[in-house]
Amino acid sequence: MVGYRFMGRAHSNAWRQAPRFFPLKAHIEMHTICGRDPAGVQAARSQLGWQNSSIDWHELIDNPLIDIIDISSPNDSHCEIALAAAQNGKHVLCEKPLAMTVKQAQAMLHAAQKSKIVHMVCHNYRRIPAIALAKKMISEGALGQIYHYHARYAQDWLVDPDFPLNWRLDKKISGYGAHGDINTHIIDLGRYLVGEFSKVCGTMHTFTPERPVDSPAKSAALVPKTQRKMAKVSVDDTSMFLGVFENGALANLEATRMALGRKNHIELEINGSKGSLYFDFEDMNRLKFFDNTNGADRQGFRDILVTQQNGIHPYVGQWWPPGHILGYEHTFVHTAADFINACIDRKPVQPTFEDGLKNQMVLGAVEESAKTGKWVKV
Amino acid sequence: MVGYRFMGRAHSNAWRQAPRFFPLKAHIEMHTICGRDPAGVQAARSQLGWQNSSIDWHELIDNPLIDIIDISSPNDSHCEIALAAAQNGKHVLCEKPLAMTVKQAQAMLHAAQKSKIVHMVCHNYRRIPAIALAKKMISEGALGQIYHYHARYAQDWLVDPDFPLNWRLDKKISGYGAHGDINTHIIDLGRYLVGEFSKVCGTMHTFTPERPVDSPAKSAALVPKTQRKMAKVSVDDTSMFLGVFENGALANLEATRMALGRKNHIELEINGSKGSLYFDFEDMNRLKFFDNTNGADRQGFRDILVTQQNGIHPYVGQWWPPGHILGYEHTFVHTAADFINACIDRKPVQPTFEDGLKNQMVLGAVEESAKTGKWVKV
Amino acid sequence: MVGYRFMGRAHSNAWRQAPRFFPLKAHIEMHTICGRDPAGVQAARSQLGWQNSSIDWHELIDNPLIDIIDISSPNDSHCEIALAAAQNGKHVLCEKPLAMTVKQAQAMLHAAQKSKIVHMVCHNYRRIPAIALAKKMISEGALGQIYHYHARYAQDWLVDPDFPLNWRLDKKISGYGAHGDINTHIIDLGRYLVGEFSKVCGTMHTFTPERPVDSPAKSAALVPKTQRKMAKVSVDDTSMFLGVFENGALANLEATRMALGRKNHIELEINGSKGSLYFDFEDMNRLKFFDNTNGADRQGFRDILVTQQNGIHPYVGQWWPPGHILGYEHTFVHTAADFINACIDRKPVQPTFEDGLKNQMVLGAVEESAKTGKWVKV
Amino acid sequence: MVGYRFMGRAHSNAWRQAPRFFPLKAHIEMHTICGRDPAGVQAARSQLGWQNSSIDWHELIDNPLIDIIDISSPNDSHCEIALAAAQNGKHVLCEKPLAMTVKQAQAMLHAAQKSKIVHMVCHNYRRIPAIALAKKMISEGALGQIYHYHARYAQDWLVDPDFPLNWRLDKKISGYGAHGDINTHIIDLGRYLVGEFSKVCGTMHTFTPERPVDSPAKSAALVPKTQRKMAKVSVDDTSMFLGVFENGALANLEATRMALGRKNHIELEINGSKGSLYFDFEDMNRLKFFDNTNGADRQGFRDILVTQQNGIHPYVGQWWPPGHILGYEHTFVHTAADFINACIDRKPVQPTFEDGLKNQMVLGAVEESAKTGKWVKV
């Protein structure tokens, strides 16, 4: 695995936990964790349960004992590592967004297809039990024809003007701000649950144009304001767009890091001709369902606690009895379990790099629309 | 009508509004409003829309132009006025609790039956559309056999130790505190929705044993604490009891005025063998319904917005289109409309004085249990 | 008053109830109700409590006993009636949207200003106690600089393809569909709470292009499908747009009648540098407030039940004690009470025709954007 | 560790995960898992990550390499194992309820104190971040004097009459039904958050007196009803009681497995003179707080998402960024982490066996009250 910070911790946990709760077709060896800072990666190795550590990802690519490369490093490194991994026949699980540009994403998909590896983008929210249930219900026709996909991904950590610049706010490393980091998630859920985007029209905005420079040695907040080194924020903190799906449904997506009180608020509403669904990640064990076929006097949004046993609700029965809720990290465990089994079977597992590419195309179309002030075809 | 304060205003509004929104079998004349304070009742007459005012309720009883007596005065006056009204053949709508004691309630029922008047206790919450819908659903068997009736009526206006003594806190006038004023409501809803109580075991408590004396001239809070005249609070501010219904369901009721943040919080949960219902008066346009017959993967409490048109939801279609919610006062309008039509038809209309008597018997049994520390048969 | 259907009923109720609950500077005489159908208006007169009825609105304009003209008739009649009323010096309360076009709205404002009448648009939602509280909090700086206004007005009555064409779906009479009927409300709330719109970019959509023709004689649903007379729907059932306010805040508004389960769902979220507010009309007695100045360990959206007494919460103390909730119609009573007092004082009362005009300009700009596919300045 | 089913899985996970997320003062070796069924325990060993397995718990007690005994086996085995472990100087973490009787609990506490081991009862809900925050807030005086503790623990898995008899429904093994299994949890939270119980009055009930016998070989539901072997249910499925705390607060607790739609619903409300708290386990990452010191116009229950970083919210910062919620199993990880560190420091860690004993005394007092129909001192 490459990367050992937030995503590195989440992915490591997934590899450790998957065999404890899911029937896997192979035994997992957590061979090597890789990162650029020698001390950091060494500490992470022991804390997160890896056998070896490395400061050069080429070592992983070249190691014949390693079958899977898990890319959890910053966005600007995804493409190079994935291409090398594919060339050496390693299966690849890559964090989202897949790439920095559509072109990179195309190259990555092409390489993966050519070498016939199993490839997956870590859009972990697809494997929230409530989202997996939503997918099943929509596939079964519970919503009928879909009219609206209304989604908002809101956080508030950039409201503080003293929050320092980090790599996620640097366009050269991250590609986009809220757009590529969180809008990409609700774009993926829209593609998963509703269909392909046909055209979009949006705007991207940066409310705080400069921020104190992040320094590992001391906290920006402790530096007197007059002595602080400031730098330009090169990415958006808000991105929103309207869109039309190929099937005629309308889309309204908004991603922001400027919404006080919203910590990791992913709110989705899907309205169709037979029913509606509502989901909020901060209550991720629940899915709300309005069923138009209920008796007229007793219709209403049904608050489904998605924690029932195996055969009823997806994934969750492998964990605990009904009513005993799951959390954020479980979505990575489910992703890892499905990915491992797909690697053994050498079968595709969604979301593939093709999904990653299509997502990147939507990201790019919104960016273009924000520049031109016009609707853009995806 | 006798009484012109809080309940007087609510009842006057009901008489004014009922003919505007409901098909009534008679025209309503708002003849005379009656109260003890000449200036107060005179002002109320014009503000609330009455033709005449009086300071002696006997004038209303004796007036042949008056067919209906609406008793909204303090509890200690209910019995005497109702007996006199019944004797003169006036139909009577009486505020809850019906009486001060079981004995009084028995006398009132007996007089009403003897004179064949139409008699009704103003348990207005029965005619909240969501409660009327709950009754219909339970009658249709949507819950199956009922196991639990869990109810809590919580307010917070007595948490303030400076809140002055008023008639509701004086046992001689009110009979009980929270017990007779608000526990009586959830007892009534229990009898209405679940069945008759068989036995009870409870406790009544007064957290603030004395309070400043209420004076119309000046606010207690403005009087320096050392000069304040204090008096003993003679009623409970909290009353709670466990119980068993005749049909075997268990009851858990709690009424309190010491629950900060709860303004007029009437929370009911009813669990049966086929489903559950949940209601909260602070969201009185909603009823939550869990239906065990839904598919196993999509069960959940359904949030029914009880605002659909006529023929679907009770009462509410007479008002506004779906989604346009009703408020507190509407329950009195519904009560008045049903009462008027029953008077014309000379048919019983629930809740009758018999309901009032049975309610009083539960109140009395809990009081006895609180004194003896034992279970008491109702 | 002109108009006697849904809005006519709501306005009549307001005139009747206002003097019962609010201190007014004048006595209200409900003189004449006017409508085109002689039988309908005659029945409405007696049901709704008017002294006279008329089938020609010119009679009202010409009657010297009438001081106020309340325009609740379909949109295409607003302008002509208002111009005539202004010319005769009658004060005018006009239903929203003010007019069919920006040009009409300009003429109406001009006439009202010239004749110095008191003029008001009935954007009744401004006088929901929770919204009035939101306005007060924002004015006091509780939110700081505002970043986001995210609003959705969703209904579901057009999901049914058998719902017949009525005047609200006929562009010649209504001007717009969801756009002019409900988007106008959240545009008004945005202008009231956040500021003036600077530019917008939107889209309007009609999911069901034709519907059965409404016939008073028989219900469309009863006519066999093959024999049904269908006609083109000439207005939008969905309208959504992104925007920028003059103060830099971003806007995202969506109005739809195709969202199953949403009956009259008006959801607003406003995020600022110090706090956030959230409101949902289906729980209209509540306002949710996130206060960033609370201790870090105890921040959260605070669920304010806006039902406290006078001096604490606006309007609601005139009605009932805390926790006894209000409903939809009360917003009209508050509007009527404020309007009457403004007429006596001959002082402006918001929202004026100027607000109506500015609203119309936003409606028009979105329409133009929907046609051109570009951002449009307001 | 003794026990490998539901609790065995939860505890094993805790031992595995604690060192990955918390700074521990010792390295954890997961030495031996023990259970009576050889095949079952062998499978559990490898699935759950233990080095060895055993079918005789005496082997663990006698093994000098083992420092800690974790008792997750059925209730009737707790006392014997704990006494033996204490005698051999092993630290003990014991599942709740501590024992079958008050007498057993006293013996266990005595043995633990005598041998100076570290002893802890696994009331894991104390270490839900929201509950730990509630404790902190109450300790700081945020609620003032407490008036009410109103708690309900509701599940629905016994509503199904075909659900077979298992050890939890057999008094000889479990001691109690809902009373000892789930009422014990809300008794513990009451003692933790409010204080010691002074007296109680309650009732215990069994709605379904007999059930099909559980057979490992075939599911009861598949056996034709006429051929099914039925047996008596010897424990309660519902237990509820009123109580008074030593500090004067009132208690109302209800535990039931007959409440359809409630999966693992632990609802607590605590009302005091300065504020109120509300918690629902099915939304376990949230705590609702009403603060009476907020401005009068903006008071309301505040919905605290308890997921902020270290130094703000307890435990949760060791896991993920704000808004990324935790689940059920995390409470065991927190318990294990605190227990390990206490063992190294040889310091007491709440809840101790003394807490377990006091809990058992409340359980016993309610049982006695249910038999005698009277209030019982704890």
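Lettered A, B, C and D in written order, each chain numbered from 1.
Methods note: a contact is a pair of C-beta atoms (placed from the backbone, for glycine too) under 8 Å apart; a residue touches a chain by one contact, two chains touch by 3 or more.
Worth saying up front: this structure is predicted, and the values here are computed from it rather than measured.
Is the number of contacting C-beta pairs greater for A-B or for A-D?
More C-beta contacts join the chains of A-D.
With centres defined by CA atoms only, which chain is the most remote from chain D?
Of all the other chains, the one whose centre lies farthest from chain D is C.
Averaging only over C-alpha atoms, locate the centres of chain A and chain C and give their separation in whole Å.
40
With chain centres defined as C-alpha means, what is the inter-centre distance between chain A and chain D in Å?
The answer is 35 Å.
Go ahead and note the Å separation of the Cα centroids belonging to chain A and chain B.
For chain A versus chain B, the centre distance works out to 53 Å.
Give me the residues of chain C that touch two or more other chains.
Within chain C, residues 262, 299-301, 305 contact more than one other chain.
Which chain B residues qualify as touching chain A in the complex?
133, 136-137, 142, 286, 288-289, 291, 294, 296-305, 308, 312-313
Considering the complex alone, what residue numbers of chain B touch chain C?
These residues of chain B touch chain C: 6, 10, 12-13, 16-17, 20, 47-49, 155, 157, 262-265, 281-285, 305, 307, 319-330.
Show me the residue ranges of chain A that touch chain C in the complex, using the header's touch definition.
Touching chain C: residues 147-148, 150, 152, 154, 156, 159, 201-203, 205, 207, 238, 240-242, 244, 248, 250, 252, 254, 256, 258-262, 269, 271-276, 290, 292, 299-301, 373-375 of chain A.
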